[in-house]
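Below are two complexes that have subunit A in common, paired first with subunit B and then with subunit C.
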Partner chain A sequence: MGNDRLLNFAIKYGFLILLAGMVVYFGLAAPGFASPRSAVFVLQSVAITGILALGVTCTLVVGGFDLSIGAVATSALMLSAYAMVVLEMSAGVAIGLCLLMGAAVGLVNGLLIVKFRVPDLLATLGMMFLLIGLQRIPTQGNSIATGMALPDGSTAEGVFSSTFLWLGRHRLDLVIDNLVPLPVVIFLLIALGIWLFLGFTRQGRLMYAIGSNERAAGLVGTPVNRYKIAAYMISGVMASIGGMLLAARLGRGDIASGTNLLLDSVAAALIGFAVLGAARPNAFGTATGALFVGILLQGLTMMNAPYYTQDFVKGVVLVAALVFTFYLSSRRGTGRS
Partner chain B sequence: MTKTACRIRGLEKSFGPNHVLRGIDLDLRAGEVTVLMGANGAGKSTLVKVLCGYHRRDAGTIELGGAPFDPADAADAIAKGVVTVHQNIDDGVIPDLDVATNLTLDRLTEPGAPLFVRDSKLRAEARRVAEGMGLRMDVRSRVGDLDVADRQMIAIARAMARAPEVLILDEPTSSLSAAEAERLFALIDRLRAQGVAILYISHRMSDIRRVADRIVCMRDGAISGIFAEAPLDYEGAVSAMLGHRMTDVDITPRSGGAPVVELGGLRLLPSSAPIDLAAHDGEIVAVTGLLGSGKTRMAEILFGLARPAAGEIRLDGRPYAPRTPREAVARGVFLSPKDRGSNAVIPGFDIADNMTLPFLSAFSRASFLRAGQQRRATQAMIERIGIVCQGGGDSILTLSGGNQQKVMIGRWLIEPARLLLLDEPFQGVDIGARRDIGRHIRATAEGRATIVFVSEIDEALEIADRIVVLHENAVAGEHVNRNIDLAAMVSQVSGPARPAAQTGAQDGQ
Partner chain C sequence: MLRRHLLKATAATALVLGAGLPAAAQDMPAPFDNPGDVTIALVRYLSTGDFFQSYLSGVEQQAEALGVDLRVLDSRQDAALQADMVDQAIALGVDGIIIQHGLTESMQAAAQRAVDAGIKVVAFDVDVENDAIPQVEQSDYLLAKLALDQAIEDHGTEFTAGYVYVPGIAPLDRRDAAWQEVKEANPGITEAAQFGTLDNPIANSVANQARSVLQANPNITVMFAPYDEFAKGVKIAVDEAGLSQDIDIYSADVSTADIAAMREPDSAWVATVATNPSVVGEVSVRTLAMMLAGEDPGDSVIVPPTLITQDFLNENDVSNMEELGAKMPQFQHADVSTPDWIPLPQR
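Coming up: the complex of A and B.
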């Protein structure tokens, strides 16, 4: 009995306790870790992956998966740069185009999965390849920056609009001047929105029902296909927002950036399963998972761990979180019945 | 006297508190087809699974050819001479591989099988097996490209390559057309002549009439009848399978008010006879029949999951042709499906979320769920139907089968229905919960029409005002639930004595 309770407690709060312990440890061991600037730096480093991870969480909720988010994000990065620098469009039009592109990719993913019955991993993997290739075609594989030579011999005259760059670079005052970068605010707002949507709305509840038993959800009259497509569209739009924020931060259409986006965001969403013993995809867990990775890397960096150990550390955290979720929760499940 | 190939004595098996097999005594004789009949949940499949090594028995003995038979697992059972061809054909063959590989697959898993596969040797072996069974397809063709009957034959041929003493066929004709089934029967005749003991599990009377040498009926985990003398007493077998001990539920049949739903010339399948049927306000109609009689098809048509081949449906006098469950629900037609585990229960949800799932919009304001309302409605329903639980926050998986089923039915009682369809509502439900559900359905019947689809006559007698018997996708009889002539009803369930032309298509059961 006592053992059961301990196990339940560990499953529920273990991950958060670990997170708190880590913060305390780094705060004591690494001078400068426990400062507002450092905290903001962590948030900034996870904002974009966090936004992508929240999108992929929605597809995980309906029992799917979206491997194309990284490619959607880099496509949005290139598209926004191309729209402003080469086509000389305004920031508003560029943003609109990117959001539309994300939604369209999500729609195609969803249709491939529900209408053409392509398994989700394969459909979105195919889409990932397609987009990675597609985003290179207009610029013949080059990055986009003002003054670059275009295929027709002219040079690109446009510039990133200042409004657009403001999105990625502006910092709000909070206690200290110029503290909180706008992408962090956007990340937190999106996290709040997805958390409310998945946890507290009728539509969110139906999406969980679909992920848990699709047939049963359909037999109570849920339009299952529409919800699944919607999940992929949310994922696509989130990824395009992430990509635009990255473009706004970099200020150029860098073809090589965003390589780690997919793995990092998927890891955050999966780590999120372990938070509060949810054992299922959830927005709060995803955001916490992203923070966990961010804090760990920031702490290790400040303690002079070499950068090339970062992926290894992420991998260890992910595997540990998965064991935590699936092994411990299954034991709890059998203990009950 | 034929020799007994397999002797089963006092076989028992329980799953947790569920006593599924309660002392089975059964002999399977060489060169004889023993047909095993039983309604859903009678324990047939558990018996088969014990014989083919999937489950270990709790008590009892099995002898095979005089020696004790105690298979460690499925492979061991096959090696010892008990081979099973399962109901789902694609479980028995690998569609992406060719016929030769499929026929010789078991050889590849034998201990001491060579590391490298020699195709020419494999094909020669496969051709030998195929010829022995009278199969004439090219052994190099891909199994997925063959028709269902050929795939079935291959599954059986592969089984026969091991020269088994006992062959178990679980619903082998369930996806075969009449002509295909005839080929299967010819094969069974051949195997019988070779002295194989065959255990044939089926609900289809036409099949049973064709192949049975002996009929064994199971009911509630025990043998309820053995019919061995020619001519076989098929009606006796059906009534032994369905059982109709007098129930202690007293029903005063009501005739109901105005018709709520009317089926006019409805054909379930293009080849079946038209059905004319009405269900009235306040009335409970039970539709009964064997597996494959068209019950499920009818439920699916009424709920927008399938389209009728012809005819029309009227709901409250207006045409009703739902294309999706969503449209059906919008018109007030609710279905509680059979097999709640795969069709109804949301395992990740608690009781309250499971209960309120169909009507979440009624429990939300501007999309946001109102948890308090959900909880109150669930609590009220828990008290009304008597669900044994701590509260609406319990995980649905902590409930017993009967209580889960109460949640699944309660879900459709939250909002008033015009037509409530219950497909096998008593499946996997203990007798207490069954009575509770029946009583509650009867108590709330006013204001809607209710159609209950059940294969057990007992269950129909317990709940219905009127019982409609389906056979081969057509109405075979209709009875008001008062002093019913059970013998007549049972004979309608089992169908006319002359085998009707068998329809190949299935209703998906």
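Coming up: the complex of A and C.
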């Protein structure tokens, strides 16, 4: 009986205790780690992958998966740069275009999966390759920056609008002046929004129902296909928001495949399964998972750990989290019955 | 702007139509007396990114100036495919091959097969261990050395530095050699932290790391980031930490976007050293042309780098690569592999 309780406690709070322990350890071992600035740095480094991870969470909830988010993010990065630098559009139009692009990609992903019956991994994998290629066609593989030569021989005269850069670079005053960067605020708002949506609305609960038993959900009258498509559209829009924040931070349209964005955000979402013993995708877990990886990497970098240890550590955390989720939770399940 | 281009285009056309081509074709040694019949192949390993795009445009321009037929085979970082592509080029019956990057292990045998088939081969930035194949190189060592010399000129021989480096990447390893040497020679220079990553987007990942490093080591005054993606990341971190007055970034490589970043008000990125990739492309083609004409370009053809400082960019109001070439002639053209008979690309 005592054992059971201990196990339940470990499953529920183990991950959060580990997180707290890590913060204390780095605070003691790395000078400068335990400061408000450092905390904000961590948040900023996870904001973009965190936003992408929240999008993936929505597709995981309906029992799907979205491999195209990294590519959608870099496409949004290129699209926003192209709209402003080459086509000389305003920030508002560029943002609108990116959001539209994200939603459209999500819609196509969703249609491929529900109408054309392509398995989710394969459909979004195809979309990933398609986008990685597509985003390079307008500039023939070059990065976009003011003053670049265009194919017709003229040079690009447009600039990143200051409103747009403000999105990625502005800092709000909180206790210390210029402390909290805007992307962090956007990340936290989105996390809160997705958490409320998935956990406390009828639509969110139906999405969980579809994820756990699609047939049953359909039989009680849920429009399963529409919800699935909606989940991919949310994922696409989140990824395009992440891409725009990335563009605003970099201030140029850098070509990149976004593979690492994909892997990091998927890792965050999967680590999220283990938080509070949920054993299923959830927004709070995803945000915590992203934070966990961020704190770990910040601490390691401050202690001068070489770059290859970082991937190793990410892997260890992910494997540990998956063990938490699948092994311990199943033992808890058998213990009860 | 447009008018200037039109003028240039008109001038170029006049040259080509008028004296340019026919005269050059007569003066050129065989097989270039009939340049349309000469086919060369560019077999690429790396192609994504500004550097490689620019390299390709250099190759294309010089091939056009010579009037030869250029085939581009792009293996997109697939070492086995790149070796197959050399065999494809042999089967196509090309006269010359430029191997651009690749792995020694996979390319050595393929390059030998091409030489055995009587094809002239030039290698850029890859050692194929073959005496019949000259190497075209940008000197990565000199690239780093020039940047560090500038850092020492600005900061003296005593400063605390942060260093961005990822081991195991050949050009970065060669740049690292210069850093190790400078540190050895100047005990007053301390390396407070070494970091770096190639996770893409590279600038974003490096920015995250650099911020932690700056937080942990507030005494850093010099950042040595010998690759422009690294420098971009460091600059983002320095800006975010509000330290752009206190830290100077020294880097290598240059692009239009880099020029913009260096010229931002109060930019911490004070100097970079670069070889113009399109010039390297031109030199590769000229070296191959010399071999086809039976001349000896030497075993190793090195394209020298140029120091580009923020002050120079500001004084001359340079805003893109084209203007940089115009204001800095040594950047636009390298006097390497230039026999009189080879026409240079129009500028």
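Going forward, the second predicted complex is superposed on the first by the 334 of 337 C-alpha atoms of A that agree within 3 Å, B and C clash if a C-alpha of one lies under 4 Å from a C-alpha of the other, contacts with A are read in each partner's own complex, and residues count from 1 in each chain.
Everything that follows uses one rule, which is that a contact is a pair of C-beta atoms (placed from the backbone, for glycine too) under 8 Å apart; a residue touches a chain by one contact, two chains touch by 3 or more.
All figures in this text were calculated on a predicted structure; none of them were measured in a lab.
Per the definitions stated earlier, placing subunit B and subunit C onto a shared subunit A by superposition produces no clash, and the two fit side by side. Counting residues of subunit A touched by each partner, subunit B versus subunit C, the larger count belongs to C.
Contacts of A:Gln298 after superposition: subunit C is touched, whereas subunit B is not reached. In the superposed model, A:Asn8 lies in contact with neither subunit B nor subunit C. By the touch criterion defined above, A:Ser38 lies against subunit C but remains apart from subunit B after alignment on the C-alpha atoms of chain A. Once chain A of one complex is fitted onto chain A of the other, the partner contacts of A:Gly258 are limited to subunit C, with no touch recorded for subunit B. Of the two partner chains placed by superposition, only subunit C is touched by A:Thr155; subunit B is not. When the shared chain is aligned, subunit B comes close enough to touch A:Arg280, but subunit C does not. Of the two partner chains placed by superposition, A:Thr163 touches none, neither subunit B nor subunit C. Taking Cα centres throughout, subunit A sits at the apex of an angle toward subunit B and subunit C that amounts to 130 degrees, reported as a multiple of 10. Closest C-alpha contact of subunit B with subunit C, superposed model: 29 Å.
Contact residues on subunit A toward subunit B in their complex (touch as defined above): 196, 200-203, 205-206, 208-209, 211-213, 215-223, 280, 333, 336-337. Subunit C contributes residues 1-2, 5, 9, 47-50, 53, 166, 193-197, 199-205, 207-209, 211-213, 215-216, 218, 232, 236, 240, 242, 255-257, 259-261, 319-322 to its touches with subunit A in the complex.
For subunit A in complex with subunit C, the residues that touch the partner chain are 30-33, 35, 37-38, 41, 44-45, 48, 74, 77, 140-143, 145-149, 153-155, 169, 178, 181, 246, 249-252, 254-261, 297-298, 301-304, 306-307, 310.
Residues 303, 324-326, 328-330, 335, 337, 342-349, 353, 357-358, 360-361, 363-364, 367-369, 395, 397-398, 411 of subunit B are the ones that touch subunit A when the two sit in their complex.
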